[in-house]
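Every chain is named by a letter (A, B and C) in the order it is written, and numbering of its residues begins at 1.
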Amino acid sequence: MTARPDRGPGAGFAQPVPWLAPAVLVLAAFYAVPVLDVARLALSDATMVRPASGFSTEALRGVLSDPALPEVLGTTLIFVGVNVVALQVVGLVIALTIVRGEGRELPGMAAFRTLVLAAWVVPGIANGLIWRMLFDEAPYGTLNSLLGYAGLGPVAWLSDPQMALVSAVIANVWQGTAFSMIVFYAARRGIDPVLYEVAALDAAGPWRVFRSITLPLLRRAIAVNTVLVSVQTLNTFDSILALTGGGPGRATEVLSLFTFNTVFYNLDLAGGSVLAVLLFVLGLGMTLAVLAAGGRNPS
Amino acid sequence: MKTLILAAALAAAPALAQAQELVTRNRVGLPDAPNTLTFRLTAYDLYSSDPATKATFEDLFTDFIRARPDWKIETQLQTGNIGQEQARLLQQTQAGRGPDCAMIDSSQLALFKQTGTLQPMNMVFSDDEIADLFPYVREAVTNEAGEVLAWWWFTDLRVLYRDTSIVPDAPQTWEALREAGLAAVDAGREGVLFNGGRWEGTAFDWLAHFWAQGGRLVDDDGAPVFAEGENREKMLRAVAFYRDLVESGAAPARVTAITDYDAFNAAAAAGTAAMFVGGNWQYGQLRATLPAEQFADWAVSELPGPTEDERATGTGGWTIAALSPDEAKRRLCGEIAKEIYAGPGNAAQGLLPTSAAIYDRYDAYDGPEFDLFAEALQNGVARPGAAIYPEISNQIQIMLGDVLSGTAEPEAALDAAADAVQAAYDRQ
Amino acid sequence: MTGARWGDAATYALLGMLALFFAVPFAWLLSLALRTPAEVYRGAARFIPAEPTLANFGAILSDPAFLVYLWNGLKLSASGAALAVVLAIPAAYACSRFDFRGKMAVLLGLLAVQMISPLVLLVPLYRWMSALDLLNRDLSVIAVYGALGMPLAVWLLKVAFDAIPIELEEAASIDGASRVQTLARITLPLARSGIASAFILAMVMNWSQFLIPFILLERDADWPISVAIFNFAGSISASTTQLLAAACLIAVLPAVAVFVLLQRMIVSALISGAVKG
């Protein structure tokens, strides 16, 4: 699937420009001006109340020297990092288990898959509201009551700063697993069954099969999925907004929520634009890092 | 209040057939009326999900538009996301696409006044009516020239709720509150609950304790001064008060996760909490939720202060403002505020009017709780009319969250908040 | 075979635990949706309502506006997804079949479009759409959805095209078909499940979009359900959480239905080539 020479039909030398034109033109028509505008606003003093009065690096310096920024970036890296791992581990476990269940023709696999997918469609804000009630730490709170029956807890789900971040990850995993599940499910089903038949003849144990067949052949899927999931998680803010608002203190305030607060709460358009550029750079950096670590280009 | 809504709903029933013709999902009045006013409103009244409230307001709007057959009102809904809605409204007014008349949360009023987009509605309101407004309301809706730039049609305040079977006497001071909380814990309850999570309610409810000492957030020019001189001491005292509540156990550690007044209703219904700092509107909610004998145990009192004589409470609510310079539209906007919302609209929903005269006009305000609310409103303080307030609130939320969860010491947290607010102010 | 039996038991045990995790929040939504306003204030204090009621579902479904919101949501997300796919097809085809300099840059650049947070882009976007006189028109939202969904669609379609043997196209070109004709007659029909999956994924992502339609559409009659649902979220004197919960469940259903109906297509599309080494 690497780049192949053009030996398709038609002209000997294919010109990609006309083929790319529709996509590029639509992007240019509707997106280019706003994107350039963000860059311009980042170098201005614009607020939601007052238009930019000229070139200024004050917002840039202000945002970069904000003592809260390192904390927010740290929270963001932890949130994204833990989520990327958790989403993929859970997604992979589900996908492989479903494939096994289907192979054995066990009933209920489609229903389970649908349940996971349904969580994906719930609006982010509703997701935050639901989990906020589940994590309720009142004496009658749902999860703590359940733990209580098992003789455990209570857990300070949202009031303890460290735990609050864990809770935010749990809520995000609930919602986001579906995407990884689909990607891994498809990739696993795409593996040639003959390989597994050979492994069965060799009487290889399940762990060895996983290590020497499944995992190596899913490497590309994992790389691509890591990129997509990182970008999605990096831009997630609505579920955290409804769950904790970023608190207690700044414990769960990730960069996208920080950006949201800067623009919609503090009405600081220039500062928000700087943060948007920062978000973009971070996303691009992560993508390149993942692709480099993946060792191969994705084409 | 409930019977009143029911009565209003019953009265509205025969008129319903006609009401439906005049009130649609996005219009009040006849479609071919020559003049049009665009009005952006919340989903709490005319389009409420609660049928009784909806019916009452359909009736009020129908009467209103019948008296003005030349007009139709094109209604635009706004969602409950106040932050995003105000940003959108600002964008639209600046692009010249805003509505003629809009509901604006009182916390955002200063910002809109500052942008110069609000248009005077003096032709509708007499000097007497303006003079009868509560002082903080009058100050917020008028400018130096005496122009009425908005009409604040209902207000709200924070009070202390207590279960009298556990806490018989209302705590009047911080110290008394702490002791009552500890006594309640000994009795197997959570002592006192309050908002301590990351949201506006946390900062605003807590600010009452700063204001009670005479503290000021901003100076006359709107510059932040809350961390300077005497204000600094007052801030630290109020922070220490909250921290002592949590550290002593009079308030549970979980308060740093409370970002919602409904959590207090749930605690009252479950019978697990002895006291909470809540909004006046919760009194009606408790009455509707709790069994009568359980509700009878609950009472409201003024928020405690550092001493019995130093009291304050934060006051909020919604306003209606004209954004169109057109005189006829400004007038109609003011009349909507005056004839539909302030008065009958207050009474139908049990919301607190902003002028003393209206309390006497309606039976809805006969209950004993309203005497307490009216008394507490004497110590009412509104959010400062400064555009930096949202960031001050944001930093106070962070400060309280960090201090109450043990992440930061009060002094350091206050310094961080002051620096952040100053940096934001310098760029405004 | 006891080993496989044990394996089946382990499969069910694992999925059962995960199913609990995924089902509990929905059970909560249902619990809320079946409550009277008074019981909503009891919060987590009582899971099974003492007086369950279907009135909330009734209230939502009998509100004519709700169906309008649903229709708007369907219209906008489907049109936006269709636009994304239509734009993505030629681009993905070029990236799959042609070898040209900068292909990697094109693919990465498309991915970069997805990385721009719509949060801040919205303000300039509002001004730009206003300048184009597209505000309050469905076209503005559809265009943005198209631009947002296209990169993922290009990536998915590229792998779908990669999986189609090039020899099939060569056979057509011998018959004198142009490249466009070959694409339309040979490649697209073979890639239809890939196209369907790209369309569905884009549509579902559009379905839950909030900020874009919220800013670009000012009249509530134009709003999709993802925005309008929050009209059920607030009230000053009465709780509407139970209505929000019911609305949420009803709003999730159409998207779930799309999944269930077209799941096999998505999956077979991804199997046919996507992301395998």
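Details
Basically, a contact is a pair of C-beta atoms (placed from the backbone, for glycine too) under 8 Å apart; a residue touches a chain by one contact, two chains touch by 3 or more.
Nothing here was measured: the structure is a model prediction, and the numbers come from that model.
Traced through touching neighbours, the fewest hops from subunit B to subunit C number 1. Across the two candidate interfaces, A-B and A-C, the one carrying more C-beta contacts is A-C. With centres set at the average Cα position, the gap from subunit A to subunit B is 37 Å.
Our note on geometry: subunit A versus subunit C, Cα centroid distance of 15 Å, whole angstroms. With touch defined as above, residues shared between interfaces to two or more other chains in subunit B number as follows: 84, 91, 263, 266, 270.
Contacts with at least two other chains are made by residues 48, 136, 138, 140, 263 of subunit A.
Residue positions of subunit C with contacts to 2 or more other chains are 43-45, 123, 127, 230.
The touching residues of subunit C, when paired with subunit B in their complex, are 37-45, 59, 64-65, 123, 126-127, 130, 135, 211, 214-215, 218-221, 227, 230-241, 243. Against subunit A, in their complex, subunit B makes its touches with residues 83-84, 87, 90-91, 94, 111, 114-115, 190, 196-199, 252-257, 259-260, 263, 266-267, 270, 272, 387, 390-391, 394, 397-399, 401-402, 404-405, 407-408, 416, 419-420, 423-424, 426-428. Residues of subunit A that touch subunit B in their complex: 45, 47-49, 51, 58-59, 62, 66-68, 132, 135-140, 156-161, 164, 244-251, 253, 261, 263-268, 270-271. Those residues of subunit C lying in contact with subunit A across their complex are 4, 7-8, 11-12, 14-15, 18-19, 21-26, 28-29, 32, 43-47, 83, 86-88, 90-91, 93-95, 97-100, 103-104, 106-108, 110-121, 123-125, 127-128, 143-144, 146-147, 150, 152, 154-155, 159, 162, 166, 169-170, 172-174, 177-179, 182, 204, 207-208, 210, 226, 229-230, 244, 248, 251-252, 255-256, 259-260, 263, 266-267, 269-277.
For subunit A in complex with subunit C, the touching residues are 1, 3-11, 14, 16, 18-23, 26-27, 29-31, 33-35, 37-38, 41, 48, 90, 93-94, 97-98, 100-101, 104, 106, 108, 110, 112-127, 129-131, 133-134, 136, 138, 140-142, 145, 174, 182-183, 185-187, 189-191, 217, 219-221, 224-225, 227-228, 231, 234-235, 237-238, 256, 259-260, 263, 269, 272-273, 275-276, 279-280, 283-284, 287, 297-299.
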